[in-house]
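Quick heads-up: structures coming right below.
The following pair of complexes shares a single chain, subunit A, combined with subunit B in the former and subunit C in the latter.
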Partner chain A sequence: MKTKDEFPAINDRKPDGIKPDGTPYRIMVVDDSMFVAKQITQILTSEGYNVVAQAADGLQAVEKYKELYPNIDLVTMDITMPNMDGLTALQKIIEFDKNAKVVMISALGKQDLVKQCLLAGAKNYIVKPLDRKKVLERILYVLNK
Partner chain B sequence: MRIADKLADELQEWYDTCKDIGIREYDKLRIIWLRNLSGSVKGLADDFFREFLSRCTRNNDVQAALRWLIVIGSILLQDYNNGALTHEDWVQIREIVNSSADTMSLDELTYIMQLVVEHGALN
Partner chain C sequence: MRVEYINPFVESAFNVMKEVLQTNVRRGELYLKSTSMPVMGVAAIVGLAGDVEGRVLFDMEKNTALAIASVMNGEELTAMDDLVKATITELANMITAQAVTKLHELGFRFDLTPPAIFTGDNMEISNHEVEALIVPMETPYGKVEINVAIRERG
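Up next, the complex of A and B:
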């Protein structure tokens, strides 16, 4: 008869946010809305991701990316922000690191802006209001590429 | 059978069954092409078909152009399976997609641009 230890526990599933080497993926969350930034951070940390930085506008985002590089795996980037918008920040980050993985966070109805971001090298996009499943799915997809 | 394989088969069959390739044969091919890509943007599919025609005449090598078209088909069907393309091919894909982006869906654009970026053809 099998002992209890021989059955894998339900919560043995490796969380999305953990790399094959056992360390967490490092993410920067960029959004001028505290609420959205907090929401994304909560979704990510609940899956084991390490949110290593937050930025409230594009300028901060570019600066922090350069500081953190190469110890950063992915950026979630809001599009509409003060000082520097998400598209410009994306372009500057890609200029600095052409392999940067940036996922755009967009409000509904901003198709044209999202398209510009995709053409500029954004790896994917997520539309607000945020759906936990979709956030995790798209981020994992980009990281696994 | 993968959907891109079905397109590849039909395109290859077109080549195998036509003797002299003239305007009428190319028209037939265009119909096959657009029928298989009915789920994708017609403008984009047409743009790539035009490029196919110009490749046929430019290099006088229909088979090579057809191999390229088959790979392009797999990309438009979001079923790309590492078909051979050169760096110049990828740059050209980006340019064609760029000019059709406003009529494409976000998911279509995401899929193709991911491949373009992966193949180092963003700039």
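Up next, the complex of A and C:
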């Protein structure tokens, strides 16, 4: 009979959300929908990420980013939101911190909008409906770049 | 109303609902409704503005809304609370956005407004000067009617 040592321990994989130094990546989730904010937060926390802030519109997002900086590693940003849309908020965050890692998450997948966001400094663009795998892969990719 | 506007809504409603509900969805026969019409109890609405103007209404019974929101959240939700409303609104938003993306590829230029949701009994919606086309979608959780009213600006 094989001993336990001969099997690879499947639970030894380090969760995506943990940095090489052992601390979690710090994320801000920006979305005006309570459902979407909850969905993204659940996906991220299940992989060990630390969701340090949520914002329900672009204005709040920019303010919170400035408050948290430099203790923030990545922002997920919705586009269609009241008060200030996500593209404008992205531009303001990049103005403040040109190395900011912002990933757009929107149900809109229009080519020119995606292009506009990437030109404005977004590091990736995820089109909804969201699935766990897609979100985790893109975010890890951006963090490792 | 031109049929080019409708197909992208039918397609995206079918695709998005199938994906988020992880179940089979069946499309019923399209039909036209004019003037005022009753709505079923929960109605999410998304406005369209640009080359064309109009709105898309997602209409369903309260029990259907609760069942759909429960599946999308992975937990049983039994009251029409803020989370249920946000979930149904997001479903409407995803379907409309995917349709707008397709229409954009076909050369139509317009945007959508953040969605709103109405709940209540004996509600009715009136549309002057524009006919609404209804796309009924049958799900195991009940029927969702997608009610599209679009007209060209002019």
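Heads up, the rule we're going with is that the second predicted complex is superposed on the first by the 135 of 145 C-alpha atoms of A that agree within 3 Å, B and C clash if a C-alpha of one lies under 4 Å from a C-alpha of the other, contacts with A are read in each partner's own complex, and residues count from 1 in each chain.
By our rule, a residue touches a chain if its C-beta (ideal position, glycine included) is under 8 Å from a C-beta of that chain, and two chains touch if they have at least 3 such contacts.
Since we're looking at a predicted model, the values are computed, not measured.
The superposed arrangement places subunit B and subunit C next to each other on subunit A without a clash.
Within the superposed three-chain model, A:G121 lies in touch with subunit B and out of touch with subunit C [touch as defined at top]. Ranking subunit B and subunit C by residues of subunit A touched puts C first. In the superposition on chain A, A:I94 contacts subunit B only, with no contact to subunit C. Looking at the shared chain after the overlay, A:V36 reaches subunit C, while subunit B stays out of its contact range. Looking at the shared chain after the overlay, A:Q111 reaches both subunit B and subunit C.
Residue contacts after overlaying the shared chain place A:M81 against subunit C, while subunit B stays out of touching range. Legend: residue contacts after superposition of the two complexes on their common chain; A:K145 is shown touching subunit B, with no touch to subunit C.
Between the Cα centres of subunit B and subunit C, as seen from that of subunit A, there is an angle of 100°, stated in steps of 10.
Smallest inter-chain Cα distance, subunit B versus subunit C, after superposition on the shared chain: 11 Å.
Within subunit A, the residues touching subunit B in one complex and subunit C in the other are 111-112. Against subunit A, the residues of subunit B that register as touching in their complex are 94, 97-98, 101-102, 104, 106, 109-110, 113-114, 117-118, 120, 122-123. Residues 16, 19-20, 72-73, 82-83, 86-87, 89-90, 93-94, 96-98, 100-101, 104-105, 112-114 of subunit C touch subunit A in their complex.
The residues of subunit A lying in touch with subunit C in their complex are 32-36, 38, 80-82, 106-112, 128-129. Those residues of subunit A whose C-beta lies close enough to touch subunit B in the complex are 94, 98, 111-112, 114-115, 118-119, 121-125, 145.
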